[in-house]
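Next come two complexes, and both contain chain A; in the first it sits with chain B, in the second with chain C.
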Partner chain A sequence: MGGIGASVRRLEDPPLLRGTGCFAADVNLPGQLHMRVVRAGLAHGRILSIDTLAAAAIPGVVAIWTGADVASLPPIGFRQMGLTALEPYRQPILAQGVVRYVGEPVALVFAEDPYVAEDAEELVLVDIEELPVIIRATDPIGDFDAAHGTEPTIIRKEYGDVGAAFAAATHVVELDLIVGRHTGVPLETRGALAEFDDATGMLRMHGASKVPHANRLAIARMLDLPSERLHLHEGHVGGGFGIRGELYPEDVLVCLAAMRLGRPIKWIEDRREHLMAANHSRDQRHHIRAAVDAKGFVLGVEDTFFVDQGAYVRTHASTVPDLAAGMLPGPYVFPAYAAAAHVRLTNKTPAGTYRAPGRFEGSFVRERLMDAIADRLGMDPVAVRRINLIPSSAMPFDRGIDALGTPLVYDSADYALLLDKFLRHLGYDALQARLAARRAAGEHVGAGLAFFVEKSGLGPFDDVRLELYEDGRVELITGVASVGQGVDTSLAQITADQLGLSYEQVTVTHGQTDRIARGMGAFATRVTVMTGGAIVLAAAKLRQRLLAKAAELLQQPMDSLQLRDGVAGPTTPGPAIALPALITACLAEDGTDRLTAEATFESGHMTYPYGIHLAVARVDAETGGVSLERFAVAYDIGRAVNPLLVEGQIQGGAAQGIGGALLEEFNYTDDGQPLSTSFADYLMPSCAEMPPVDILLTEDAPSRIGTLGVKGAGEGGTTAAGAAIAAAVDAALGRRVPITQLPITPARLRAAIAGR
Partner chain B sequence: MKPAAFDYHAPLTPEAALALLATHGEDGKVLAGGQSLVPTMAFRLARPAVLIDINRIEALNFCRPEGEVLRVGALTRHARFETPVVTGPLGLLLADVVRNIAHTPIRSRGTMCGSLAHADPASEWCCTALTLGATLVAASTAGERLITAGDWFQSIFTTALQPNELLTEVRLPMLGSGWRCGFSEFNRRAGDFALAMAVVALQVEGGVIREARIGLGGVGATPILAAEAAALLVGQSPGEVVWSEAAERAATCFEPTEDINATPEYRRDLVRAVVKRALRKAVAT
Partner chain C sequence: MTTQRITLTVNGMTHAIEVEPRRTLADTLRDQCGLTGTHLGCEHGVCGACTVIVDNQPVRSCLMFGIQAEGRSIRTVEGLADGATLSPLQQSFWDHHGLQCGFCTPGFLMLATWLLERETPIDEAELRHVLSSNLCRCTGYQNILKAVREAAKGLGKWVESAPA
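Coming up: the complex of A and B.
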């Protein structure tokens, strides 16, 4: 039971519900010291001096480090999408003479307890001479350092003849659009505990997540340590969303300190630190133009945008601008396209990926454009989208550009079919009629709809090892990670499906670098597709072995046998053999305690799920307040391993999308002081702000990667939320006040309504 | 986000608490529900040397009508008001207001007197106390002082309470029949600090407003009585036209705070909206 397609309960929940989970802060080791980071209080400046005398005098303080103590270590490198032009902008693990954002690590205190460490932190006096601050990506280009400006690169994606498209256009529609700075804020802040065993020379770091294998190699390289002397261990993880688990300065620092100080070093980030030190995201300003013919068909699109990268380029390098530029065209034909992404360094917290990176922004921009075209041509917003959709007959559809280093080829889709199904599911015409009647009666209510294309299953590979024990239990060992998304359950279901077992017989081991040699980790909605593909290959080897043995024992041709419900037997009624007996027979032959199979699944392409968001918004015109009456998501996942978990992913993703559309925003003063450093100022949606999310899951376009047909579920709940909510607010206000900026704050909306 | 070191006392009687306050004065800080003090200490924005925890003083845990007033002791939690504590308009108003204070877990710890002593400009209880003309009881080893709400609120987080005094109770006037009250606030999310709020109390007799009070909160350093706006209502019959006139006057009777959530213009917009809504609610109840 619990094979592919079953909405079974999560295997990982019992310890979480019983409070016996083990998160980073729950790990403790005898003799551990607590690390506290002294952070820059100014957004840009030269460090003149750091006085540590008073702090060092506090009883319980063991050591204090400044940049000079770690000057020989390289900066944090790129994990993906690295460009040479970005290398001068990498972040040192402690500031080396210059600070570039409020929150940048400047010094470290190591103390016997975390209270003492915080007492001492306050006494470390950092004297900084202020330098000019850049706070917006569109500000004039300044100096990053003596040799480098604040615009390291412009990323371009182009195909078709954009000039000809504009020459042939009946209408040109232009928009300036802004997506605010927000990010994933996991319930669990970052944390790490490193221990070094002098006797064996082994260094271990607990608290890893997302990409343990990549971080292991990166830390080993930075510390000049053979990688076999370092292992990373993932415990329970309270959310990732792209930001948690990337390699940050603190991860390297605990490892280095454990070796140098000879004691375990623990660092747990507090929420205030988290909101100014962990990656931010979004923060883009777009100028988009469309060449449109008389019928509303878009002949070409040109988009110039500015990405506020913050103070350094971190592990994601060019990932976000690359994805934003590559995937902006979404589900539409757009025969000609040119995007230019200006990557700009500012004096704000460095930015990285956050759930639907580049696509949340790009979908907002593209779908606002489609609404503006509809307005200009006096067309229905659904109609203008329909005539621009790529037809299913054109699949696979090659854009002729790259995204995330892979050719952008939509593998399978039927966009028009999903639109039809969604409109029927919503009772769209009746809904619009009801809203029109309410508007006529004086209410400000409206519905907005937005399409999106997601990506999933990034390669290049995933490895798995299956270990089948005598009693029919199987351990799946993988190099991916769990950030709480249900990896254990969905991978157990695929394994169970392939071996004819119950999913409860499968134990999934992930995030442990000492259990499997390599692994890509959990990001880019890749796990189910890639690890699922590897499981199919490894399970086939075990199945082959077991059925060959069963054929021998049952005296039946092997191709007449199958594994099902823990039994090997014929597909038609007849003699069969229980799995434990069969395994025992195999083990006796091998002289081992388990049957093992390994496999690698490789893919050079991504797979592209897609969907539509619909929001119904009510605007309080006197206050500018927006409330959502309804939120619906249609999503084609190819094939759902566990529909319950898919719906959970979409639900949670929608909450984050709604947060970015209406509430969440990192604000700064003009001199670069962060104003959103607590949950009183950085507003995340609570259950009171969340409408029920109505989910229509379809399986009309199975993936062409691997044999399972699955596409990922991680990000589609977020992608078009900003676009749909903006359209709904537009509609609620009778299209008099076009929404061009996220989040739609009540103050901004009220000012727009009042014409200020 | 770990507080700086402090000494901790948990007296069992009001007298013991007052003795500690007399000893520690400026260095001492009273802990009731900890709704604001605990996070402020975690951020090290407050670092009292001595914490005087009054949670074990049973004598301060009361809430009862007595004559013309409702007496609310220092340990009465917000949650107590979720169902009306007295019959009549006061109980209904407090039950309406309390639902806007933070969230259930906080309401089960935070106290009305704690909010009044903390004097956050966006506190619902502060706005309510000022509007209704409450009396606050400040005790010290020297005895008790009665302070009117009008004198109590001095500035942001600043009241008439002296460092050696404890706010032992607040007395809210029991509003007799004929009084109708309303409350409205606007915030970004349920339970957040309001960007603007209004408490209104009207005495209506024979379809005519005889007496009116309008209080505003979240818009300046302290709660504000919009006396001129309230005066416009006296002698009038309840209705949309007078509500709009009063709201308009209320919106221009103060100097608004400017912060990242609201420009002064926007705060006036919000006051216009919440005053009208509070007035509508008052006559609807």
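Coming up: the complex of A and C.
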């Protein structure tokens, strides 16, 4: 039971429900010291002095470090999409003479107690001479340091003849669009605990997540340690969303301190730190132009955009601008396209990926453009979209550009079919008629719809090892990670499906670098596709072995036998053998306590799920407040391993998309002071703001990667939310106040209504 | 900093501990009583992850000092299950996929336990009103609402809202 397609409850839940989970802060080791980070209070300046005397005098303070203590360590490198041009902008683990954002680590306090560490942190006096601050990506280019400006690179993606498209255009539609700065904000802040065993020379870090293997190699390199002397361990993880698990300065610092101070070092971030130190995201300004023919067909698109990278380039390097530029065309033909992404350094918290990176922004920009084209030509927004969709007959569709270093080839899709199904599901015409009647009666209500194309299953590889025990239990060991999304359950279901077992017999081990040699980790919605692919291959080896033995014992041809419900037997009624007996027979031959199979799944392409969001918004014209009456997501993910979990992903993703569209924003003063450093200022949706999310899950376009047909489901709840909500607000206001900026805060909307 | 000897009663068990007066109840429960099921999400009273029940009232344990809880009855997530048997609310969260990462879950469970133990029946508006005091970043709330709604139905505490 609990194979592929079953909405079974999760294996992960019992300890989490009982309060016996093991999150980073829950791990303690005897003799541990607590690390507290002293952070820059100014956005840009030269460090003149750091006075630690008063702090060091507090009883219980064991050590205080400044940049000078770690000057020999290199800055944090890139995990993916690195470019040479970005290297001078990497972040040191402690500021080296210059601070570039409020929140940058400047010094460290190590103390016997976390409260004492915090007392001492407040007494560390950092004297900073202020330097000019750049606060917007569109400000004039300034100096990062003496040798480098604040625009390290422009990333370009283009195909087709854009000049010819504009020359042939009947209409040119142009928009200036802004997506605000917001990010993942998991409910658990970051944390880490490192221990060093002098006797064996082993360093271990608890609290790893997302990419433990990559971080192990990166930390070992930075500390100049043989990688076999370092292991990373993942416990429960309180939400990832792209930002967690990347290698941050604090991860390296706890490891270094554990070695130097000879005691376990624990660091737990507080929320204020998190909001100014963990990766921010989004924060883009686009100027987009479309060449359109008389019928509304888009001949070409040109987009120039500015990405506010913040003060340093972190592990993601060029990932976000690359994905934004590569995936902006989405589901539409767009015969010619040219994008130029200006990567700009500013004096704000460094930025990285957040759920649907580049696509949340790109979908907002593209879908706003489609709405503007519909307005200009007096067409229905759905009709304009429909005539521009790539037809299913064109699949696989090669864009002729790349994304995340892989050729951008949509593997399978039927966009028009999903649109038809969704409109029918929504009762779209009747919905629009009801809303029109309410508008006529004076209400400000409207619906907006937006398409998106997602990507998932990033390679290049993943390994698994399956260990089958005598009693029929299986341990699946993988180099991916869990950030709380239900990895254990869905991978157990795939394993159970392949071996004819119950998913409850499968234990999933992930995030432990001492259990499997390599692993890519959990990001880019890759786990179900890549690890699922590897499970199929490894399980086939076990199945082969078991069925060969069964054939021998049952004296039946092997190809007439199958594994099902814990029994090996013929596909038609007949003598069968229970799995434990069969395994025992194999183990007796091997002289081992378990049957083991390993496999690697490789893929050089991603797979592209797609969908549509619909929002129904009501605007209070007095206050500018927007409330959502309805939110719906149609999503084709090829094949759903566990529809209950897929729907959970979409609902949660939608909440984050809605937050980014209406509420969440990191604001700064002109001198770079962050204004959103508490949950009273950084507003996330509560259940009071969340409409029910109506989900239409389809499986019309199975992935062509691997044999399972699955595409990832992790990000599509978020991707087009900003676009759909902006369109709904437009419609609610009778298209008189075009929404060009997210989030649509009451203050902005009220000003826009008043100013028209 | 001086410490004070106090006795806390948590889930019916007494804990004789020594604690600084400035230590929050959340830190006291986690560090002095070893009950790490109570989580800290913001430490400024907004997210509700640290919600516990003190003398039958839901309390943000990050906004209360440990010494203030002396002589009171404290309940935390560790006290909800009866041995191997989950409480009906915990079971409902499991059955309805009311959690993903599980970090906010103890706070929601304690808040909703309080809600379900009140005499007054619960309708949709009251459910949303009460649960809107806690934050979840994974689920989008739909399945949390459903889990509590279904548990309330099972306990005979649910009333359908009057049609608008």
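What we mean here is this: the second predicted complex is superposed on the first by the 755 of 756 C-alpha atoms of A that agree within 3 Å, B and C clash if a C-alpha of one lies under 4 Å from a C-alpha of the other, contacts with A are read in each partner's own complex, and residues count from 1 in each chain.
Definition applied: contacts are C-beta pairs under 8 Å (C-beta built on N, C-alpha and C of every residue); 3 or more make two chains touch, one makes a residue touch a chain.
Just so we're clear, the structure is a prediction, and the values are computed from it rather than from any experiment.
K.L.:
Between chain B (first) and chain C (second), which does A:P391 come into contact with in this model arrangement: first, second, both, or neither?
P.N.:
After superposition on chain A, A:P391 lies in contact with neither partner.
K.L.:
Answer with first, second, both or neither: which of chain B and chain C does A:G484 touch in the superposed model?
P.N.:
The second partner, chain C, only.
K.L.:
Per the contact definition in the header, classify A:A688: touching chain B only (first), chain C only (second), both, or neither.
P.N.:
both
K.L.:
In the superposed arrangement, which partner chain does A:A751 touch: chain B (first), chain C (second), both, or neither?
P.N.:
first
K.L.:
Per the contact definition in the header, classify A:T20: touching chain B only (first), chain C only (second), both, or neither.
P.N.:
Second partner only.
K.L.:
Touching A:G648 in the superposition: chain B (first), chain C (second), both, neither?
P.N.:
second
K.L.:
Check the residue A:E622 against both partner chains and state whether it touches chain B (first), chain C (second), both, or neither.
P.N.:
Touch status of A:E622: first partner only.
K.L.:
Quick one: classify A:G574 as touching chain B (first), chain C (second), both or neither.
P.N.:
Touch partners of A:G574: none, neither chain B nor chain C.
K.L.:
Applying the document's definition of touching, compare chain B and chain C: which contacts more of chain A?
P.N.:
Of chain B and chain C, the partner in contact with more residues of chain A is C.
K.L.:
Residue by residue on chain A, keep only those touching chain B in one complex and chain C in the other, then list them.
P.N.:
115, 270-271, 678, 680, 685-686, 688
K.L.:
Which of the residues in chain A come into contact with chain B in the complex?
P.N.:
Residues in contact with chain B: 114-115, 118-119, 122, 270-272, 620, 622-625, 663, 667, 675, 678, 680-681, 683, 685-686, 688-689, 745-747, 750-751, 754, 756.
K.L.:
What residues of chain C sit close enough to touch chain A in their complex?
P.N.:
The contact residues of chain C facing chain A are 1, 20, 22-23, 30, 35-44, 46-47, 49, 76-78, 80-81, 86, 90, 93-95, 97, 99-106, 109, 128-129, 131-145.
K.L.:
With touch defined as at the start, can you tell me which chain B residues reach chain A in the complex?
P.N.:
Residues 1-5, 43-44, 186, 188-193, 195, 260-263, 265-266, 269-270, 272-273.
K.L.:
Can you list the chain A residues touching chain C in their complex?
P.N.:
9-10, 12-14, 16-21, 23, 25-26, 115-116, 184-189, 236-241, 270-271, 483-486, 644-645, 648, 651-656, 678-680, 684-688, 690, 692-693, 717
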